[in-house]
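Okay, structure first, notes after.
Every chain is named by a letter (A, B, C, D and E) in the order it is written, and numbering of its residues begins at 1.
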Amino acid sequence: MEMRVTKALQGGDGHLTLDIALDLPPGSLTVLSGPSGAGKTSILRMWAGLLKPDAGTLRVNGDVWFDAAQRVNLPPQKRSVGLVFQEYALFPHLSVRENLAFAAGMETPLIDELLEVFQLTQLQARRPRRLSGGQQQRVALARALVRKPRLLLLDEPFAALDPELKDDVRQILRQLHQTWDLTTLLVSHDPLDAFWLADRAFQLQSGKCVEVPIPRTAYVVSTDAARQEMQVALEIQLRTLPLANDVPPPGTRLVWNGADSRQEKGSEDKPRDQPSRDDCEGGKLSFEQQQKRNDNDADVQ
Amino acid sequence: QPLRIAVAASLGLPLQEIVDSFARERVEKPTLVVASSGVLTAQITNGAHFALFISADTLYPHTLWQQQRTDGPPQVLAYGQLALWCRYPLENQDINVLLPGNQIKKIAIAQPQLAPFGKEAVRWLRAQRLYDTVWPKMVYGENVGQVNRLIQAGAVDAAFTAASARASSIGQKGYWQTLPQEGGIAHSMVVLKGLTAAERQTTQALLAYFRTPTARTILEKWGYLAP
Amino acid sequence: MTFSWEPLWLSFKLALVTTLVLLLIGLPLVYLLHFRRGRGQVIGQALISLPLVLPPTVLGYYLLVLMSPENGLGRWLDDWFGWRLVFSFPGLVIGSVIYSLPFMINPILSALEGVSTVYEEVAYTLGKSRLTTFVRVLLPMVRASVVVGAVMTFAHTIGEFGVILMIGGSIPGETRVASIAIYNEVEMLQYDAADRYALVLLLFSFVVLLGVYTYQNRRTARVI
Amino acid sequence: MTFSWEPLWLSFKLALVTTLVLLLIGLPLVYLLHFRRGRGQVIGQALISLPLVLPPTVLGYYLLVLMSPENGLGRWLDDWFGWRLVFSFPGLVIGSVIYSLPFMINPILSALEGVSTVYEEVAYTLGKSRLTTFVRVLLPMVRASVVVGAVMTFAHTIGEFGVILMIGGSIPGETRVASIAIYNEVEMLQYDAADRYALVLLLFSFVVLLGVYTYQNRRTARVI
Amino acid sequence: MEMRVTKALQGGDGHLTLDIALDLPPGSLTVLSGPSGAGKTSILRMWAGLLKPDAGTLRVNGDVWFDAAQRVNLPPQKRSVGLVFQEYALFPHLSVRENLAFAAGMETPLIDELLEVFQLTQLQARRPRRLSGGQQQRVALARALVRKPRLLLLDEPFAALDPELKDDVRQILRQLHQTWDLTTLLVSHDPLDAFWLADRAFQLQSGKCVEVPIPRTAYVVSTDAARQEMQVALEIQLRTLPLANDVPPPGTRLVWNGADSRQEKGSEDKPRDQPSRDDCEGGKLSFEQQQKRNDNDADVQ
């Protein structure tokens, strides 16, 4: 899937011209970040067919979705995208379940599954206006996913979630993305989204998409002296990381990048594949970045 | 303020002409307020200030007289004549055969309960022993004005209306026949109470003018019979 | 003529049929006008409200000319289908539909302008056609205005007189509806009978309106 | 009586004044009904649409009786203020206002139901009263429906006949509006003049409607 | 300002009863966090008078805002609060500037100042629908601030901002909060909000507000060995912290808590009071947590 388009927008400070070259390899998860008003949402809207580029092309696995020269502009209906709007945009007259059912176009067991994993089962009969912000956001995510779209477009889909839920939802998304072989473009301000989820990361700066490295470095505390100094830092840092509440017991080895560093012996830890709340009983911890589907990563592991 | 005269719609045109010619001889030109007789009666009952009320029948003026709203009993201004209009030629045909026939699908008539021309038409039909065969074809207008409108629209095949309509543009349409009846339909008028002296004077002058040959000629030109 | 239930029943039937027909015709028209932005929409909107500026009897006259078997459309219908619309109940429905069109369409159309386009956009990305979006998303979101359109159509048709008189011909049992009956009573100075008709119309309509608005209010309360 | 511009000008004046008066009266009524939830609102909504179910002439007749100087209210007004409403322009305005009330109020009221309550809430936390919120926030948000209410009132008053015939009395220059003039011409079989009036009404109204909707469309385009 | 209320809500999993005891000392900034659907927004709405508690009292500097027993319930208009809604709720028919002017009730120079500091000056004539998510959020903040409310209620006010802007806006808020002597209750999922801004922090857990400690520990890299180990970690960590892009040059001493540790000599740093983008020229860095208005903090410094 490749986007080569230009689009003139009215930016925050005068004119802003997007000049985007952005490839989304099938099955990949790409994170896009950039300052407020840079045009991230506009890029998603162009992918979805809701905003017409001024020029350029948009091709998806050989299909032409948009071509200014040939006057091709596939309507959003035919693009098989799932878009989570920044403002959720749930249908106010439909209950949670009806929102999903309408999106699916039929009753499918998937609706119940998604309600379940997003912890919405008990809320399914409610109208969106009677939901909290985070609950609405999860409904929006579930609604976009229920069609198993070819291209999943997410506009800051975790912004209203608390850190623990954010972690859960990231994990769900990672799983579904993999199982259903989705291609995903995720707009996010949170660098941890890139860290935990992304195959590639782009930064949108003055109208251009620039690839940026994803932090994949290991964070190893081995010496005692360093550990002591780190201890205090971790308190802050962990609150910003998915596993929030628990400070690792002294001597724990933290592994942040899975490439070649499996978790080493801590005091009483067992190796785990994914960080999750259930793993944190009694201060046991395991940090490991998700195994990426990137080939170059895979053969290292 | 000019004298205001309430006139039943069907008499509007001849009255306008009479009043115009009256105004040429006098200074004042009365204003005509035209509506259906029933509406005018309701308005008079509720305080409308008219000097003279000219109805398309005698019933409404009579009611007002009984309510003691008038200055004297109703007097007849003119007699209207009933006419039959038909889409098809009438001269050589027997109406008694034509009306019940298949050609005539709809016959327009004024509401017999409200409109004297309607009542007269029903009476005529009964006299001809046509009513029972013809009534399912009937459609009703609020008054003859409405019946004339139906003729003009070409929506009916026959209609009972006032002979005066022949003097208008629909006179060119279709075929007409004035139906013979005894005396015709009396159009009566009453002078209303509560007039100023000047108004009363002009009203009396107008009433007198109605009896002049000029006025009679105008009435007859429009298909009415002067008393 | 004295009081009879027949004209009342006819009025009710006419109002109900007109409202249903207008929902059937009006909603597609709303669809066309809503999605056809620009000049077309403006002209369409202006045309729809135009019949209103004619006095009902005048509008009725023009409809009569149009439907009359003597002229174009009326003759064509008569020749080909044997339909005579003038002086028939279906003709009344057609007249009432045309006359009440703006009452049905305008409120819905203006309410749709207040709905954020984002809901349309979501529906499109979910693969829904315009029609599905309109029927399943937009219309339910402006449900209150659809109800108001239907209510005004219904009430206005109950009270409609001029058009019906012209194209209906006041045939008892077929086209003499309550409004004509009641008007006749007034003209005949039969105020008692007129009052009785009016009272029945008012009471009955009040009950209907009360029911509709209560239902409507209850549903709204559930939404918010 | 032949074609004259006076009745047309009177119709236009009446429609304009009625629309303005209805904006002045209708918007406060909308305010009351919108904020008064529950039973009161339902009854109010039903009452407003009620005059619609009476044929205009019959409604006009009851208004005539009400305003007549021979009866209660009319006599009271006459005795105390020397006002005579029947057969006067102000009387026509009152009649038209009552008759067009639902066309103004219903669309606005139903559109308000579609506005999320969060905007009211924001305004309250910003210290704004209900009235300020209504005037500065809610009404502008349903502007399209206010315009539609005004348009329908205007058009309907131009075409209004029955009520005006009853309480106006066809006084030239004062209460003989275009619809009455057309009626008179028709009754006097002057069909040419009637057609001419109708044509002018249609053309003029079409231009007005086109103007309003174009303006409206342009403003909406700016909003979205 | 003290809240002692109970309120029954329909929670995400069945019934949820809020039983809140929350004091906001005048001039303080309190951060409230908690899982999605815990009732944070509901607490703000009760402060604002938009949601009626079932029982209890709400007192502000001697005034009674709500008292269930005495049937007192001050309407929102009389409470002098500024509320930033989670969904912004900008008036769609008013331009950015008109939104602020309507809130202010008059033209004041403050409008221009706020537009300026929130980088909205160039957008002031636009309608909200033509703004990006982050731009809208800043307008909502400015609108709540323009009245200088007695009580500022913020519902995740930085969620749609990129990290750098978030940092700027935090700093603006900190300044205004101090200059105008506001009392602020901030709902946030981001622990850094507490770190940078809060005097006190509460966690909402199963209907109760529990005070939690704010991380105030220093993060000091002194030894060379530790520095090297840290280096890689910083890459990740810095992206989640307000100063995002710059990795400090080797040997820089990072000070994260201002209490007793002023910045020590780095390679070529000058001490600064506040972190800000302008300070970061040529890799110069200074980290220091804002001086709190807490008395116990103040006398240490």
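Assorted remarks:
By our rule, a contact is a pair of C-beta atoms (placed from the backbone, for glycine too) under 8 Å apart; a residue touches a chain by one contact, two chains touch by 3 or more.
Note that the structure is a prediction, hence the values are computed from the model and not measured.
Judged by contacting C-beta pairs, the busier of the interfaces B-C and A-C is B-C.
Distance from the centre of subunit E peaks at B, each centre being the average of the chain's Cα atoms.
Subunit C and subunit E have Cα centroids separated by 55 Å. Per-chain CA centroids place subunit A at a distance of 86 Å from subunit B. Contact of a single residue of subunit E with at least two other chains is seen at positions 87, 92, 129.
Looking at subunit D, residues 57, 61, 116, 141, 183, 186, 224 sit in touch with two or more other chains. Shown for subunit B are the residues that touch two or more other chains, namely 36, 39, 42, 149. Interface of subunit C with subunit A (complex): residues 116, 118-119, 121-122, 124-129, 136-137, 140-141, 143, 222-224.
Residues of subunit E that touch subunit A in their complex: 10, 12-14, 33-37, 40-41, 86-87, 119-120, 122-123, 126, 130-135, 138, 155-156, 159-166, 189-192, 195, 215, 217-223, 225-226, 229-230, 232-233, 235-237, 239-241, 244, 256. On the subunit E side of its complex with subunit D, the touching residues are 48-50, 75-83, 85, 87, 89, 91-94, 102-103, 105, 127, 129, 143, 147. Residues 37-38, 41-43, 45-47, 49-50, 52-59, 61-62, 102-103, 106-107, 109-111, 113-115, 117, 141-142, 144-145, 147-148, 151-152, 155-156, 158-162, 179-180, 182-183, 186, 194, 198, 201-202, 205-206, 209-210, 213-214, 217, 220, 224 of subunit C touch subunit D in their complex.
If you check the complex, the residues on subunit C that touch subunit B are 1, 57, 61, 64-65, 67-71, 84, 86-87, 165-171, 176, 183-184, 186-189.
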